[in-house]
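Down below are the structures I want you to see.
Okay, so subunit A shows up in both of these, paired with subunit B first and subunit C after.
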Partner chain A sequence: MLRAAVALARRSLRTTLRRPQFLAPLLVFPSLFLAINTGGLHRSTDLPGFPHVHGFLDFQLAAAMCQSLMLGGVGAGIATALEIEGGFFDRLVASPIPRVSIPLGRIMAGAVIAAVQVVYFLALGLIFGAHIAAGVPGVLMVLLIGIATGTGFAALGVMLALRARSASTVQGIFPLVFVVLFVSSAFFPRKLLSHPADWVAAYNPLSYVADGIRDPIISSITATTVLEGLAAALGIAAAGIGLSVVALRGRLREA
Partner chain B sequence: MNQSFRVVVALSRRALNEILRVPGAAIPGILAPTIFLIGLSGAFGKAAQLPGFHASDFTTFIVPVSILQGAGFTGAATGVNLARDIEQGWFDRLLVCPAPRVTLLAGIVSSAALRSLLPASFVFIVALIMGVHWPGVDGLVIAFVLAMGLATVMAFWSTIIALRFRTQQAAPLMQVANFIAVLFTTSYAPKDLLASWLRTIASINPVTHVLDGARQGFVGAVTWHTTWQAVVSILGLQLVLGALAVRSLRRFGV
Partner chain C sequence: MPAIEVQGLERVFKGGLRAVAGIDLEVAAGEVYGFLGPNGAGKTTTVRMLVTLLRPTGGRALVAGYDVATEPHKVRKRIGVALQEAALDMLMTGRELMELQATLHGIPPRDVRDRAAALIERVGLSQAAERRVGTYSGGMRRRLDLAMALIHAPDVLFLDEPTTGLDPVSRITLWDEVRRLRDEGTTVFLTTQYLEEADQLADRVGIINAGKIVAEGTPAQLKAEVGRPHLDLTLTDDADLDRAREVLAQFGDGRPPAEGCHLSVAVAGGATEIAPVVRALDDAGFMVASLELVQPTLDDVFVEKTGRHLEGAEQAPPAAADPVAEPVA
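What follows is the complex of A and B.
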């Protein structure tokens, strides 16, 4: 199963690299948002209750990563839906490979792309003057939480594609990415969010992921925050993979 | 002249009919700026407490941004529709009809201006529900006219891109220009509170004047000085991008 999944993951990555128009939005749009948020609201760090940070860019890096990882999930969903629409998925189902390896391949590719996304934003941040307060261990923690989250969002994207079977339907969840982001502590500290966003943010797993990614960037590693972030990321990954396997079974039953 | 006007009206009506025939296609253009309005207000609302932030609240400050964003999305969507027409061969049939190409462009662009009123109205109603104060008839009319103007500017831009790439896959290139044009301004905060690099860009970006014009009534009073700067900026953008779009259209298929 693993060999087939790895082969499909490599194929997915090659396809993604061949069509950079699908990869570019994952990096370009969050980068633009990062620039606008940082340039437009850099004085927000003066607000009472804002955590002590070296600069607003340090704070916003986690938001850019979360946004990019969520868009990565939409991208994985669109790619899967295009394979369903084009008939490639049916050929894979008919081939002598474990069927679970079909979504797993795409999800593994999502994990690799997530690593690229996290490294890209860390590099971008460092180039423009951000500091990683927790140093190399902090970078590794950010990478770990980022990859787990990216894996989860890719799995959720695959699940949606298996249910919807249409790329345009999967594309339609694009605005939902921003809804989930805005009602989390990704962009602003939770206690400075307006009501009811602050209330929703307390229950939004993305808040814990964002805080977990942010903590090693703006301070030394705080065990509770980072472990909560890691747990939320692994929870998203486990739920996403589980739901995508269930969606695959449902699709095979209907076929 | 009369014949050309009839062609412009017919093309505009065709574009407007799409709203009724495929209402789902219009939803993202309405939903996106509304989500941004509600989301940004919820996330960054406390930023209005910063010294020098001369607005009653962040939502009021950001409403004109969302109105312009919606207009820009609508303009860019016009280019996506044109790319679809090119892909499906319908645009080739338009080109062989005995109408000047400038007329075809006018039809495409005027439809964008009219369609932009839909997201602008929706965003404004949501803003009122969120507690934003009435900007006055003059403030509202200026904001909507400027939104229509920006929709035509983005329609010119997306037409150039559609004629160049001839595929709907170029849609991100059309949208990203709107994103940059509207947000790299005083969108999030007054100029004095921006980072120095963004303040420089906002000073050069003509859409900053358009946004300042649309913001009148919402923040501060309507003044002739701000209004004419906004109108001149939008006319300048229309002139430059319109000329480039006409040039692209004349060269198309030659």
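What follows is the complex of A and C.
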């Protein structure tokens, strides 16, 4: 199974690189948001209750990463749906491989893309004057949480594609990315959100992911925050992979 | 042991559509079996069940000795599949796709490259191997699809309408490859809506209509069953066709006319009946614009069994239908 999944992951990565119209939004949109927010809202750091940060860019890097990782999930879903629509998925299903390796290949590719996304935003931040307060261990922690989150969102995208079987339907969840982001602590600290957004953010796993990514950047590694972030990321990954496998089984059962 | 053995195979879709209504067939090892029928007859549904992409809702099918419902993984190891509309990844090169297919079929890593290169060469795509599939013509995509289906030297090869939409040259190239496979002993299950294709390639033909097999045998046997040739006639435009049919009734059974002619009648005497037919029509005041004596074809078998022509069966695939290569997003 692993050999097939790795081969399919390599193929997914190769075709993603050859589809710049899909890859660019993962980096360009969040970079633009990052530039606009950092430039226009940097005075937010003066608000009472705002955590002590070296600069607003440091604070916003986690938001850009979360946004990028979610868009990566949408991209993985669209790519899977296009395979279903074009018949390539059937070719894979007719191959003598464990069928679970089909979504796993795409999800593994999602993990690699997530690593690239995290490294890109860390590099972008450093170029424009951000500091990684927790140093190399902090970078590794951000990478770990980011990869787990990207894996989870890729799996959720694949799950949606297997259920919907249509690229346009998967694309339709694009606005939901922003809703989920805005009702989390990705852009602003949870305690500065007004009611009911603060209440929703408390139950939104993305808040914990964003806080877990942000913590090593703006301060030292706070065990509780980082572990909560890692747990949320692993939870999203486990739920995403589980749901995508269930969706695959459902799809094959319906055939 | 037959390569394919099907008993009472049935597929009923949600909503009650009975696409395949309990078919029986047997394909011997090394045989090319032509599965002929019009669009919507149940050909593709049957193939999708035999290649384990669709679950049968009734009956039983063994492929390469394994049950498609209970041993699908074993079936998949022994079959090659080229489905209708070559489903290829347009962003990958021919070589990359072949190597992926080889890996998915468990070919040892050290052999993947050589095996892929050999098959690419076999289907004449060596020059295009490093190009993305999106730049290939329709014929090239079909050949690559066929090569991918052969990567693991399958016992049974399923080709679902392999030449639909291809230009005549690409069609003949593919036919040659199917003949070569037969000579090598591969069992080929070929679905087609083209009479000529079934006639040229198949050792035996099964004709399916509305989910049921209506005739089966070698092309020669099936045509011999019909026996009589027929005359296709075109009269002048203002002719009273009903009255003309009455005149022709004395010569043989009327048939549904083929596209482009007015009347068709089976004539037991063949060419010797042409003059009497023309004379009788002339005596009745009809002017014959054209006539053709047609020897029995598989279309006649289809007409005999179903009362209608095989849709589009006599139309050669238009050369213009070869899709312009364009990358798919």
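The rule is simple: the second predicted complex is superposed on the first by the 255 of 255 C-alpha atoms of A that agree within 3 Å, B and C clash if a C-alpha of one lies under 4 Å from a C-alpha of the other, contacts with A are read in each partner's own complex, and residues count from 1 in each chain.
Definition applied: a contact is a pair of C-beta atoms (placed from the backbone, for glycine too) under 8 Å apart; a residue touches a chain by one contact, two chains touch by 3 or more.
Nothing here was measured: the structure is a model prediction, and the numbers come from that model.
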item	value
Fit or clash - subunit C, subunit B, common subunit A	fit
Which of subunit B and subunit C A:96 touches, first, second, both or neither	second
Touching partner for A:87 - first (subunit B), second (subunit C), both, neither	second
First (subunit B), second (subunit C), both or neither touched by A:181	first
Partner chain(s) touched by A:32 [first = subunit B, second = subunit C, both, neither]	first
In the superposition, subunit B vs subunit C on subunit A residues touched	B
First (subunit B), second (subunit C), both or neither touched by A:143	neither
A:11 touches, of subunit B and subunit C: first, second, both or neither?	second
Subunit B versus subunit C as contact partner of A:47, first or second or both or neither	first
Touched partner set for A:192, first subunit B, second subunit C, both or neither	first
Superposed arrangement (fit on chain A Cα atoms) - minimum subunit B/subunit C Cα distance in Å	8
Touching both subunit C and subunit B, counted on subunit A across the two superposed complexes	21
For the subunit C and subunit A complex, residues of the former touching the latter	51-55, 73, 76-77, 79, 81, 83, 85, 87-89, 91-92, 96, 100-101, 103-106, 132, 148, 328-329
Footprint of subunit A on subunit B - complex, ascending	28, 31-32, 35-36, 38-47, 49-50, 169, 172, 176, 179-180, 183-184, 187-189, 193-195, 197-198
Subunit C-touching residues of subunit A, taken from the complex the two chains share	3-4, 7-8, 11, 14-15, 18-19, 21-22, 82-83, 86-88, 90-97, 255
Residue ranges of subunit A touching subunit B (in the complex, touch as defined)	21, 24-25, 28-29, 32, 35-44, 46-47, 172, 174-175, 178-179, 181-183, 187-188, 192-194, 196-197
